[in-house]
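Next, two complexes with chain A in common: one pairs it with chain B, the other with chain C.
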Partner chain A sequence: MSDSFTPVVAGSALGSKAAPAVTPKNIPNRGGPANPSAQAIAQQFAGAVVRADVIWGETIVVVDRARVHDIIQWLHDDPSQRYDYLSDVTAVEFRDLEQPIEVVWQLRSLPYRRFLRVKVLLEKGATLDVPSVWDIYKGADWLERECYDMFGITFTGHPDLRRLLMWEQYAEGYPLRKDFPLRGRFSRSEQLRQALAANPEARYSKEELSIADAFEDLPAEMKRRLATGERTGE
Partner chain B sequence: MATKKRTVEVELSTTGLDAEGRPKRVPFVVDENGAPVAVEAPPSIEPDLDAEHMLINIGPQHPATHGVLRLVLELDGETVVRCIPHIGYLHCGFEKIGEYRQYNQIIPWTDREDYLNSPGNNVAFALGAERLFGIEMTERCKVLRVMACEMSRIISHLVWLGTTCIDIGAFTPFLWAFQQRERIYNILEAWIGARLTTTLTRVGGMGADLPDAALEHLAAFVNGFPKVVDEIDRVVTRNGIWVGRTVGLGVMSPEEAVNYGLSGPMARASGVAFDVRKDFPYLDYETYDFDVPVGTNGDVYDRFLVRMEELRQSTRILEQAIKRLPDGPVNVDDHRVILPPKSKATSDMESMIHHFKQVMEGPRPPIGESYVALESPKGEKGYYMVSDGSSKPVRWRIRPPSFVNLSAISRMVEGHLLSDVIAINASIDIVMGEIDR
Partner chain C sequence: MGLSPRPEPTFKELSGNEPWITTKLDQFVNWGRKNSLWPMPFGTACCAIEFMATAASDYDLARFGMERQAFSPRQADLLICAGRVPFKLAPVLRRIWQQMPQPKWCISMGACASSGGMFDNYAVVQGIDSIIPVDVYVPGCPPRPEGLLYGILMLQKKIEHERSGDKTLRQEMEPDPTTQLYIPPAVIDEVSEPFGNSVHQTRSGL
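Now for the complex of A and B:
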């Protein structure tokens, strides 16, 4: 064991007298005991909380978009909150297209054994962007990239916001949006043509290509093929 | 990056038998006094940024990437300077498809994401959907689900163990692990009829009750399995080659592990005592007696030790579950979600209506949302479901543990050798089906 080792123990801030965690039972649809952090956010950030609900025992705090980064930073840093674990970042679009898109952060406070869902509402028609929490949680990197990939929501401040699951040249749009048909935007024949024309192993981003010094010496035609991921060798 | 030094007593069981008749364990590396010598982590070379760097592409079709992961590595000599992972080759849009399916129809899709943990995924989805419906499952169902979760944890860890051993150069433990895995698949086959893609649960219950014969097989498995774990332990844990290839690689400190969102054995090996079963319990896990193993160094070797111990703890939980399995119904007595017996469908008006409504429309949860997480073999597996009151979810989000764990690979491989990338990648326990969904 190294000298500097200090383990992180879930529930450590609760003290030894705290009741052990138990499986929740008979949870009401609405109401029930709320996570005290919801109240704390409302006090700390006056006017930033749009609404707070308890649905199926889970506390949901809908906050103002402009202040969500400050709120999450405060939840992470404040010794009475210590939300040190980011479970998930995702978005929800409703079938009712009038309803705003929700961006959802699922936060856990390991020392206090709390779970909190923070939401931001994005009105349709305006630009879909929210601040990135990558500077607070490194784990948000891929989660935010996936959310951008699937919903087209821009996380401002993310250092490397590229498509993650779809390829970079993917032109059909954002698959998890409700106006995106289940079969995709392009016809089957067009999708097949593009799939056959692509050579995934020859697809490098510009950044990766800059690693190879020899790239500059390649013929222009080959450089173009490599950068666009076209099939090579036939 | 500084590497941590640690002492592991290295032994090999190659010569002779000891007093108990087991292979004698002699130190593999000894100093002049005959004492075992500590194997230190391989030195990580400070990259020389002025030198010419090389671009190496591993994958997407490479056996050591455990699926279709592609790693683009920038190398300085043999040292990794930067690693850019590419995923998405298996992307099938599970979350999109889920928005077009009724709740029970989604359960087969959950089999196919993390296909080493199908029963566990089924349970996770059923728990999430039941919270959305406001249903409390029966006592027997609860214990059966605990059994399913722990069986799939053993399957997943065995596959991880076997494939990682192969990656690092040991073949025998792979065969032993897959033999045991086969026994669990036989039990699952007797239970539900399928082996890999089980579709074990339904909203409000299980697809089938556990037959008595399968329960006996499970009891026999629980009896014999710890011996196999001990055997693998004996062959691998103190093996000089194994230790030399795993110690000190991919170190994550506890704070880093939490910040990167690591969960499961990955986080616990780094010294983060976080287990969803203990800290945010479900299925009455707080009433089972089991320990959560926690590592101290957060390297590949610690992840191996944690998973080995989890195999033993899962066996303990299975033992208790077999003992406490109560009699009684498996499915809830709620015909909003569970079909009445088929024989009644043609003789009882109300049952026929329930059959018609459920098959044609599907069960409808009230408006609401739920995030239910459980401890899958890879970490915190969460299902976030949003309902607008119709029979299909508005949003079905999978929180894939190995996706978040893999996102830290760039951080973990930096400064290590190219050959260690394989060991570090194996230690994450990735299933690309879950990462790409």
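Now for the complex of A and C:
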């Protein structure tokens, strides 16, 4: 644990005169009070916001693909925003051929008790790539890998973009895309043949393999401790 | 003066004093085997919850000689596959089966393990019998503990009637070296055709 660790208290940035957190009632389908961060993004990044909606009380900001990384970085760092928790990275594809694929970042600001949904629209037919937010939130690692696995969206800047749920040699495509048949593209026997050809032990991540490779480079004292079975890092 | 040799007991003396039986070897061995199965639970889904209920005190699997659950395939002779098996798990299940020593049996517990169940999709194996040989299929979603016990009793009955003269019984099924499949691909495709509601599943026209 680093020395700079400080616990985050939910709502601590709101001050002592903030209203207590209650479950909202009678939320309209459209409209209603928007998350102030939506306005702040529009001011800070002129022209980057495509549109901002409030649906069922949840604020959705659709932004420009080229600036989404800067926006999320700013939301994370700025003292007036402090979005310190990334709930989810996922994507939505619609059956409509004209409608673009949406990549969704679900953000949570613990100190301000705010939720914000940031979206980027990706036109079908063009290359599906968005910047990775792994350098801002380390937790985005597997979320982005899953999104890549299921939708085929490339997150540029991700350190280790591989399939997460399906095995790495999986050749049938991206299962959550609308053009993917439910039963898969290959016949059942071919699917089984390819699955059985996989080596169940070949599952180590690049990181684990690189740690094993790096064993020789460790200091002699640490090597001695590791060799006697001591676990480090906990 | 030497020790006088102990007189050989006569057949009559033997039969009079010590109990003994005659039986067929097969019957005796099968009786032992069927009452001391060591199950290895391969639980992947909700069927495993029912399996745990079966093993717990109310239903008590130990009444049928399954006191010891083996969590290592090398000390097990009954594989109970409880739950759906995704394609990613197929080589793992195959290897676990190959690690079990003979004699060994397999129970496919529940609809998903037996046929893929309602998961007629890209990720789930349509019946574990396309990976490993199965002795007893237990239907249900998930089967109640009574269902699993009935399946186990059926397996015990099957073991009871095994004959050691039948050399094919203990033969390991060798998969085809090129495709790694036991059964011809055409058969797998035929038995995993969509049926019931999955015929009408929403297919994407895109």
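Assume the second predicted complex is superposed on the first by the 195 of 234 C-alpha atoms of A that agree within 3 Å, B and C clash if a C-alpha of one lies under 4 Å from a C-alpha of the other, contacts with A are read in each partner's own complex, and residues count from 1 in each chain.
Everything that follows uses one rule, which is that a contact is a pair of C-beta atoms (placed from the backbone, for glycine too) under 8 Å apart; a residue touches a chain by one contact, two chains touch by 3 or more.
These numbers come from a predicted model, not from an experiment.
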item: Superposed partners chain B and chain C on chain A - clash or fit; value: fit
item: Which of chain B and chain C A:S87 touches, first, second, both or neither; value: first
item: Touching partner for A:V50 - first (chain B), second (chain C), both, neither; value: neither
item: First (chain B), second (chain C), both or neither touched by A:A18; value: neither
item: First (chain B), second (chain C), both or neither touched by A:I27; value: first
item: Which partner reaches more residues of chain A (counting touched residues only), chain B or chain C; value: B
item: Contacts of A:L182 with chain B and chain C, given as first, second, both or neither; value: both
item: Chain B versus chain C as contact partner of A:E190, first or second or both or neither; value: second
item: Chain B versus chain C as contact partner of A:V8, first or second or both or neither; value: first
item: First, second, both or neither for A:R95, with chain B first and chain C second; value: both
item: Chain B versus chain C as contact partner of A:W167, first or second or both or neither; value: both
item: Smallest separation of CA atoms, chain C relative to chain B, angstrom; value: 5
item: Residues of chain A that lie at the interface with chain B and also at the interface with chain C; value: 95, 165-167, 175, 180, 182, 200
item: Parts of chain C lying in touch with chain A, wherever the complex brings them together; value: 87-88, 90-92, 94-95, 120-123, 125-126, 130-131, 175, 179-181, 185-186, 188-189, 192, 194, 201-204, 206
item: Contact footprint of chain C on chain A as seen in their complex; value: 95, 97, 165-167, 172, 175, 178-184, 187-200
item: Chain A - residues contacting chain B, complex; value: 1-2, 5-11, 20-23, 25-27, 29-30, 55-58, 60, 84-88, 90, 92-96, 104, 106, 108, 110, 113, 115, 117, 137-143, 146, 150, 164-167, 175-176, 180, 182, 200-201, 204-205, 207-209, 211-213
item: Chain B - residues contacting chain A, complex; value: 4-6, 52-55, 57, 60, 70, 72, 74, 82, 84, 87-89, 91, 93, 95-97, 100, 131-132, 134, 136, 254-262, 271-275, 278-286, 294, 296-297, 366, 368-371, 373, 380, 382, 384, 386, 388, 390, 394-395, 397, 399, 403-404, 406-408, 411, 436-437
